[in-house]
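The structure's right below; bear with me while I get my questions together.
As written, the chains take the letters A, B, C, D and E, and residue 1 is the first residue of each chain.
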Amino acid sequence: MIPGPDFLGLAGTIILTTLSTAVFLLFFGSRLNRWSTLAQRIPGWVGWLAAISVGRAFFEAIVLLVRLLERPEEHRSIAVHAFDWLSVGGFKVGFDFLIDPLSVTMVLVITGVGLLIHIYSIGYMKGDPRFSRFFAYLNLFTASMLLLVLADNLLLLYVGWEAVGLCSFLLIGFWFEKPSASNAAKKAFIVNRIGDFAFLLGILLIAGTVGNLTLGQVNAQAGAMAAGTATTICLLLFAGATGKSAQIPLYIWLPDAMEGPTPVSALIHAATMVTAGVYMVARMSPLFEASGGIALTVVGYIGALTALWAALMAAAEYDIKRVLAYSTISQLGYMFLAHGVGGYSAGMFHLVTHAFFKALMFLGAGAVMHGLGGETDMREMGGLRKVMPITGWTFMMGWLAICGVIPFAGFFSKDAILATAWAQGEYVLWAIGIATAFLTAFYMSRLYFRVFEGRVKVPEGVHAHDVPWTMAVALIPLAGLALVGGFLNLPGSLTLEHFLEPVVGESTVPHGLTPWLLAGGALLVAALGIAVAGSLYLSRSGNVRRRTLVHRLGPVAVAARNKFYVDEIYGYGIVLPAKRAAAFAADVFDPKVIDGAVTGIGRLVGRTSEAIRGMQSGYVRSYAATFLIGVVIITSVLLARVGT
Amino acid sequence: MIVAAGFTAPHVELAGIGPEVALVVAGLVLLVVDALVGDRWGGWHLPVLATAGFAAAIVLAVGVWGQNDIQFSGMIATDGFAVFSKIVLATFGVLTVWLARDYLTAEGIEEGEFYALLTFAVAGMMLMASAADLIVVFLALEMFSLALYVLVGFRRRSRASQESALKYFLLGAFSSAFFLLGIALCYGATGTTNFYPATQGDPSLLTYLASTAPEHLGLLVIGTGLLIVGLGFKIAAVPFHMWTPDAYQGAPSPVTGFMAAGSKLAGFAALLRLLDATLFSLRTDWRPLLIAVAVATMIIGSVLAVVQEDVKRMLAYSSIAHAGFVLTGVIATSDPGVAGALFYLATYGITVLGAFAVIAVISGREERYVRLTDMKGLFYERPAMAGALTLFLLSLAGVPVTSGFVGKLLVFGAAIQSGYTALVVVGVLTSAIAAFFYLRVLVVMYMQERDGEVEVSRGGWFGPAVIGLAAATTIVLGLYWGPLIDLAEKARFFTG
Amino acid sequence: MTVSAGYYLALAGLMFTIGVVGVLIRRNAIVIFMFIELMLNAVNLAFVTFSRMHGNVDGQVLVFFVLVVAAAEVVVGLAIIALISRHRETDNVDDIHLLSR
Amino acid sequence: MNLEQIVFGVMFVVALGGSIAMLFARNAVHAALFLVATQIALAVAFLLQGAFFVAAIQIIVYAGAIMVLFLFVIMLLGVDREESLIEPIPGQRALALSLGALLAVEILYVAWKGVDFVAGGTTANGNALTEINRDPGNVKALADALFSRYLLPFEATSVLLVVGIVGVMVMARRISLLSTAPRQSTEDIAA
Amino acid sequence: MSDVPFLDITIFVPLAGALLLAFIPTQRSTWIRYGALAVSLIAFVTSLGVLLNFETSNAGFQLGSTASWIPQWGISYATGVDGISLWMVMLTTFLMPLGILASWSIEKRLKPYFIFLLALETGMLGVFSSLDLFLFYVFWEATLVPMYLLIGMWGYERRIYAAMKFFLFTLVGSLLMLAAILYVYFSVQNPTFNYQTLLAQVHFDAGVQRWLFLAFFASFAVKVPLVPLHTWLPDAHTEAPTAGSVMLAGVLLKMGVYGLIRFAIPLFPNAAREFVPWIMALAIIGIVYGAVVAIMQRDLKRLVAYSSVAHLGFVVLGVFVGSIQGMSGGILQMVNHGLSTGALFMLVGALYDRRHTRRIADFGGLAKSVPILSGVFLFVALSSLGLPGLNGFVGEFLVLLGTFLSYRWWVIPAAFGIVLAAIYLLWAYQRVFQGEPDLEANRTLPDLRVREMIMLAPLVALIVFIGVYPKPFLDRIEPAAQRVVTVLNQGRPTPELQSSAETQP
């Protein structure tokens, strides 16, 4: 290995560019507007500055990719050391970065999608009083996310892991005046913290077992670990991932997170942050592999169940952003499903394509909201493709991609996952995956049809308009990527997979006729889903059918519409009792019991004092009597001593 | 000169009782001068004369520092212990004199007898410190007690003062009777009242103890118990403490201070010499008793002080608690214990005198403002007084950098060294209780605003001067106490 | 045949006790003071008896000192009582408890 | 039963009787007189035990001077009223009597046993003073002791008396002398 | 070694300054303010002298001086710092100027206020630098009175109760310690209070050692405070004036932990080892309990106070787990807690100055009217809840790692404390700063003034610095901490990392 200074420089630049911009904007963003006439003359300079810095990072990322590709395949993992961080008694953790195909892939996605979303935000956030702070946060997020993926040890990864959580908190609660937004922000952070708690325990267990947190060494020594330990570690790490990547049982924060500005949802809650868990599992794949079956089975089944579960809820949701949120959860479940069956590259592939099309759809949803004055209820919309052609057409790309229509990006990645599951013999998972694919096609079509097709319908008093060019320049490339993203990893060439292989290993793919059959099946299911949605939402009699369907599904539909009451169950089952207990501790136990016991001693002294004070009656004869008692006691005691 | 047959002329050696003689002479001179001069010299001559007497006493005491003698046929011991106590007592006397100067003027009772009685009282206390015979102890005790009865009632117009005097007197006489019974039993047991043999082979308690089988000591032990009762009264040990709050509250503040300082020291001096030096071999008999008394004293004194609203009364209870602390030094029955107790008594005396001096200065005519509520916001009106009182109270509470802390350290240390850790634990816990009521004073002085009229404070500079001196001593002895503890350690008992 | 010293001591003890009880139950200050004198007298008897037992005169000397002390005490004590009585028209010690608690 | 025993018996009865009578005398003057009787009886006890000088001064100083002073003050103050028999302090009498009884038992025990406690073979029954009383004589022996070994206490008594005198001067000085000073209630001090 | 006795100068500069301050006329409030600030800055500068002359790899005591004081009793003026006390001293001198700046708005009785504050500083510095048990005790108690008066005279409504409680709680503990100190003093051949001599000579049998340890522990546990002896803390912190709270939380609590590290463990290692599970249990109960109680507080300052209980639980946990990571982390966490909680108290104080209330319900939506203040508050809160990259995480992680290495299972409840910290801090942040400002009073508040920014900026900078580059701190802590860990672990295997560094890349 030849750790070249250029790699350290590149990695450092990538992170520091965005970080320094964030800090600069945080301190001077709005202030320069007040102080400098130059700043006043360039509207949105803050946004452009932020975008440029991400762009620069993107450029550096490409350079990084090129430099990496220049090297022979087996030398494409470069660890660079910036400086020592924690170093106590043989335990050493540094600011070390790892540059390898996996991290570079992530960096490219983050900076690439991030750049587009930054540009989009310039238009979207125009006129917001906290315009510059938004970009500061956004850049801070980018920097944190880059740190997460570039980290060479788990502790540094954890820094990024929590930092992106913080940025998510800041951005969800960006419009903190809204109680719903601040609640959502808090919920997101705390739920994430619960996951992080497990993640931290996992890190501790690794540190205790391996004595080191460097990714390479942990993975290298994975084989030497006891199976139980490895499984425990993996489950703890995965528990962290369920928080960050919104899987059962910690997914509840993500739908609420839609309270944040839509670009945030696109960048953080679709394309990048929520995929951190997926990235982490892929990154630790040797460990997961070494731990034997249980951990991977758990990952696969949690992923699959989440995919199905979220898809069910998405099918019953009316809020377009929330539909997309559930969809994201569902798709993330897909990725974990892939990891669970050992298809790490498939999972990563889906991560990348999902980043394209889901970011696209979120941005599209944002455009819709932008055009409709903030409306998010799809029942208030219709036929918008005619009113907002750019938005409509680009959204269509995303829709087709997620439904898995050939040749859109989603088809290839989803197919890769299902194929791997089949090849591994995990037919149950495959079945869940295919069912989810059907549901996905259904609810996304439902969304698309209701919003963009049919009769034109906009909320009253709103003049619907299409996006400004800054937003369009983000939508169009993403739409393109949603269309062609699949070619990254065409079944024949498997470019991405080969690129990632040194890190995540080779995955099993079915051979012969099977892949073709599977792909056909998946396409069929997608078509079925679209058809069902079309019959319910596009045709004239759709209304009636819908009602019959809902009637037939009965309680299931009601439950799905109410998010299966999970929030309520958590609320009444955990939060409320905990709150009551805390209130008891704060209002009764601490002041009354503990403090009461301690100050009670003091009070006892006072009472005693008051009580025996009466002895000091003022009567001199009483005093003499007391005196005499003393005398009698003393003489009695002494007599008893000497008298015998 | 005709000397009857069989009469051995006494060997009179005045050096040993020089300080006492000086003070008695000063007292007599004061009486005469007062009668002759009257009000003419603005009352200056009286305190000056008294001071001269105390100064002479100190000089004479210092002169015999280092002697290790018994004199007057074994009636008194001229040893380091006695000399140390005498110097300290004379110091208390001087401070009291100058504190009383302004006080008496303001109260309209500037009478020469005050100073005379004070010198007699100190002379009695000094005699007590060097007494080496039970009857001398008794006489000395009566000498200063009688003077104190009168001094306590010196504000004759004040009902409180009268009442204090009467209570103190009746109970004092009552306890004297018990003390006397104790002497009788000791005499009955041994046929002598001398501590040390006057000359080799003479009867004395020490020789008796050395030569008698334990089963014959019963009467002596009971007598000892009664002696402890009598001295326990003087040092205000529970359950013989009941007079203390009433007497302290009613007495003129300078007298209260003097009483707390001097009479405690004198009582302890006798107790230490009697128990730790003379009846040392009976320690297994009296020590458990004293431990019980000490524990009760510490607890009752501290606990009862908690609810007091009158500052003088509160300090009275605190002085009870302090008696308990010093008792731990006595119980240690070791040289460090004795030295520690001496140090404690000396510093406690200065501190408590200072505290009562502050009260004397701020309490206004007729001592009207002695309640806790009267001290509200004192820090803002008279910061120096409040600061000094704070210092004294902290010293009483045993907070470091004050002499009170060092005293506690020494006696508790001695007790621990002798193995009485549990007693020390009781001591420290009661100190914590005690801290509460000292803090209460701080609370009113610093943290509450004065409501209502502003008090009439006593004029004059001597009160503040005494306070300043006491404060300086408290601090200096808290910071650099090596020399004093050196002296206290050299203040050994007579060794035959 | 002389009377055994024990009888004298017993008498002294009884008198002392009576003195103590008197102090506790009588209320007139002067009477209380008399009982204290009674206690002193009892002790004197003890001194004389012990003096006889030991065959030295020290006990009698002590009696002499006790007498002097008693005299001085009486003088001062009566003066204090007189002062209070003149002031408050009472010699009942129970009426004198301004200072308490 | 010899003469001494008879005299002792009479003395015993008078001394104890006088003491007990003091307890029940409601009039201070009566109490004083009973005390005088007791003291005279004690003087007899002193005589019986060979303490002649002390017996004499017991009569002169105690029964004479001191008790006269007592009576004088009683008369002066006019406080020879009858004392009320009602006990205001609850339990005081019971306490006093029980404690007194306890103390009496203890002292009697000590008196009885005390003789045994004393070591050195002194005679409890005989009179060891007989020798001394015979040779230098009681007064002379006393004087020898007083002016040689007990010189210091003797001198101390003089100071004691001076203190007493000064004390009386202070206490008995007419308060009206001080009427120039403002008179204030002391109630608030004592409350 | 430098020739200038920087340490001793640092200790006494504040006291001397306080005395000088007494001579400034009371009306000259500006002089008094700047005078106090100048004094504290001088102390900080001289303490920098200590820091710069400190030999990093030296585990022993440095830069101190020894002078005979009361030789009869084996008492000497002995000072010195090691890697542990160095940071405590630095923390004290660093926080004091900031505390004085935070007190700028005090109008009433300015002079005694600053005098007490500076006297307090000398006391605290003395505690951390004393190498003589007597001297230590003197300084220990000497901090009581100024703090008592600061709370009682310049505190809020229930100040007297709080001041009293503070004093008495501490006193009971420290008096027990005094008795134990005396016992230790007499236990050696030539009685001495000198720490290092005692350390070399004391040998107690198990029973005695247990009692002595408990006596010391009582004193320090009250100060730390460990549950259930903590109830003085919320009252004292809440009622104290801002600078008082800063000093209480920032420094005074550390005196308790410092005492445990410096005295309780090295002097009575066997007893300490014996009590480790109990103390750990108390610490963990503190972590969880403090956080749980903090969640439901209605008073912002009280909430911060309870958070101290939780944080100090971490510190004590780290100190007693018996691994170098835990010990170092615990010590670093003391510094961290001083910085972040100090800053939190300053911010709450700033809020109080503006709104004259500390009730959380009285606030709301402040992020709109005071964006900078709210930003800084959030930042500090994040540091307090252990966000990685900021200082709190470094300490907490090391503590947890240390705990994990020796007591695997205990780490779970301890780590859960981090989740709880997020809950109470973020909920409080939400209630105070987020939402729509409903009350008129909340809408028109002035944002942080320049003075307030100046006093917060160093804290913020250090919070980041320690979070990213704690090496300068840890490097100096480690040798000294190692010494204590070795003592604590005598006779049992030292928890070590399994296999470290044999396969470096």
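We take it that contacts are C-beta pairs under 8 Å (C-beta built on N, C-alpha and C of every residue); 3 or more make two chains touch, one makes a residue touch a chain.
Since we're looking at a predicted model, the values are computed, not measured.
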(request) Name, by label, each chain that touches both members of the pair chain C and chain D. (result) A, B
(message) Show me the overlap between the contact partners of chain A and those of chain B.
(response) C, D, E
(message) Comparing chain centres built from Cα atoms against the global Cα centre, which chain wins on proximity?
(response) E
(request) Quick one: point me to the chain whose Cα centre is farthest from that of chain D. (result) A
(message) Which two chains have the greatest number of C-beta pairs in contact?
(response) C-D
(message) Using C-alpha centres only, name the chain that sits farthest from chain C.
(response) A
(message) Quick check: how many Å separate the C-alpha centres of chain D and chain E?
(response) 69
(request) Please report how many Å separate the Cα centroid of chain A from that of chain D, as a whole number. (result) 100
(message) Centroid from C-alpha atoms only, then distance chain A to chain E, rounded to Å. What do you get?
(response) 36
(request) Let me have the rounded angstrom distance from the C-alpha centre of chain B over to the C-alpha centre of chain C, please. (result) 26
(request) Would you please write down the residue numbers of chain D that are in contact with two or more other chains? (result) 89, 92, 95-96, 99, 103, 110, 113-114, 117-118, 122, 150, 153, 157, 160, 163-164, 167, 171, 175, 186-187, 190
(request) Could you tell me which residues belong to chain E and also touch two or more other chains? (result) 168
(message) Residues touching two or more other chains, restricted to chain A: which are they?
(response) 602, 613, 616-622, 624-625, 628-629, 631, 635, 639, 642-643
(request) Throw together a list of every chain pair that touches. (result) A-B, A-C, A-D, A-E, B-C, B-D, B-E, C-D
(request) Mind listing the chain B positions that touch chain A in their complex? (result) 166-167, 170-171, 174-175, 178, 217-218, 221-222, 224-226, 228-229, 232-233, 238-240, 242-243, 245-246, 285, 288-289, 300, 303-307, 433, 436
(message) With touch defined as at the start, can you tell me which chain C residues reach chain A in the complex?
(response) 20, 23-25, 27, 32, 93-94, 96-101
(message) For the complex, give me every residue of chain A touching chain E.
(response) 1, 26, 79, 83-92, 95, 155, 158-159, 161-163, 166, 169, 173, 176-177, 179, 181-183, 185-186, 189-190, 193-194, 196-197, 200-201, 204-205, 207-212, 214, 216-217, 220-221, 579, 581-583, 585-587, 589-591, 594-595, 597-599, 602
(request) Over in the complex, which chain C residues touch chain B? Could you list them? (result) 9, 16, 19, 23, 29, 32-33, 36, 39-40, 42-43, 46-47, 49-50, 53-54, 56, 58-59, 61-62, 65-66, 69, 72-73, 76-77, 80-81, 83-84, 87-88, 93, 96-100
(message) Please output the residues of chain A touching chain D within their complex, sorted ascending.
(response) 617, 619, 621-622, 625, 628-629, 631-632, 635-636, 639, 642-643
